[in-house]
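Note that the chains take the letters A, B, C and D in the order they are written out, and that residue 1 is the start of every chain.
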Amino acid sequence: MSLTIGNTKFEITDQSLENRNYRELFADPRVGGVVTFEGRVRNHNEDKDVTSLEYEVYPELALTEGKKIVEEALAKFDINNAYCVHREGHLQIGDMAVWVMASSEHRENAFLACQYIIDEVKARVPIWKKEHYVGQEPIWVRCDKCASHRHHGEH
Amino acid sequence: MSLTIGNTKFEITDQSLENRNYRELFADPRVGGVVTFEGRVRNHNEDKDVTSLEYEVYPELALTEGKKIVEEALAKFDINNAYCVHREGHLQIGDMAVWVMASSEHRENAFLACQYIIDEVKARVPIWKKEHYVGQEPIWVRCDKCASHRHHGEH
Amino acid sequence: MKTINMSYFAFFRDLAKKSSEVVSTQAGTPKELYQELKLKYDFNLCPSKLKVAINDEFKTFDTVLTDGDKVVFIPPVAGG
Amino acid sequence: MKTINMSYFAFFRDLAKKSSEVVSTQAGTPKELYQELKLKYDFNLCPSKLKVAINDEFKTFDTVLTDGDKVVFIPPVAGG
């Protein structure tokens, strides 16, 4: 696993996000504030006990859409740098699923940019998660509710 | 330098804040989002070139006021944990001066709590910084402008 | 008839029991193509919840399909 | 006369050229005490920009001082 630096703004990886050294991403001496967001696998979602999560990614489009989002943040907010990495594969409770960083001279911009990136990534990047539960079939999150469940009515 | 865990919510240290492992602070399996803020020494402030910074702390009051701020954040926002550590001593450009963490089930609360803590720490905790410049006398930030400069008028 | 390179992800991959296939179709748009696949694989997500990518770019459901296009139907995303 | 344990930090420490001292004073409040020290050390910050701590807690400038109190005048803070 190599640290992604330079022009890469968005990354997908099947490797753990723990213990990475991101210092180079904001080594710019003008940087006064660095805001990060880590999304981790929770042990519950709504009323269900979650045991693990599978992330599936449409890689080509996820990379272009993710990069576009980070570039939008760089254009919208007065920040020095921004970056996002998302996991794919099977994750356990507590594992880091996504990491976002925004750095700026003044902290307000880094907070806004970091929040913008995670909000947009969740809404727009083609990544799906299948939640596994205790004693229930796993489901693809956000797909279950919009499915028409026609099988349930067939008798 | 020991990692501060458990009931300690606010810490002052004269040791580097790099390469700390904070994982235990949000090891709670209910945590879905972790927001951090790192404040670093910039190479400029307003129009001056900064070469280094000295942080001076009134330790007894800084610890009680800092702890109070973190406890306020825990009471105001629906978060699982929060923590802040601030450096004292002489720091160089790029060094981390302050680190804040807030963790929650839902990310919005962690963003709000993290920003609250850094805003309040900067406004209320008795910590001062002396900026050192290229070719100019160092000054205590925010004290220079409010001083009456009576010596300048004496001829 | 045109040839379309389908890729299936997540919810649709589970239903189609494959991650890609080549389909021969008379569908002129993703909208028509989805109706065909819905019958074939019991795809039961409302089209209003979906997005579609053609050749790895988001497109509308009434974009004209061209022979050899890569098409992906995108169920509601859930990253993060 | 009462005895006050002064601590000086940052801007005030530089002007007083010490970090603490014991002062004997007739000042009844931090406000009066600051006026005395202002003359003694050329403290040139407007009182409106300052805070004061007595026995390591923030207090108002008209709090009544007690013999043996620890007093700290707090110039504008600049952490972070």
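Following the convention adopted for this analysis, contacts are C-beta pairs under 8 Å (C-beta built on N, C-alpha and C of every residue); 3 or more make two chains touch, one makes a residue touch a chain.
A quick note: this is a predicted structure, and the numbers were derived from the prediction, not measured.
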At minimum, the number of touching-chain hops separating subunit A from subunit C is 1
Approximately how many whole Å separate the CA-defined centres of subunit C and subunit D? 74
Geometric centre distance via CA averages, subunit D-subunit B, whole Å: 24
In whole angstrom, what separates the CA-based centres of subunit A and subunit B? 27
So what's the Cα centroid distance for subunit B and subunit C, whole Å? 51
Subunit C, residues touching no fewer than two other chains: none
For subunit B, what residues touch not just one other chain but two or more? 39, 118
All pairs of touching chains, please: list them by chain label. A-B, A-C, B-D
Show which residues of subunit B lie in contact with subunit A when the two form their complex. 18, 23, 26-27, 29-44, 93-94, 105, 107, 110-111, 114-115, 118
Residue numbers on subunit A that touch subunit C, as the complex places them: 39, 55-58, 60-61, 64-65, 86, 97-98, 118, 121-130, 140-143, 146-150
Using the touch definition from the top, list the residues of subunit C that touch subunit A in their complex. 7, 9-11, 13-14, 42, 44-46, 49, 51, 53, 56-58, 72, 74-80
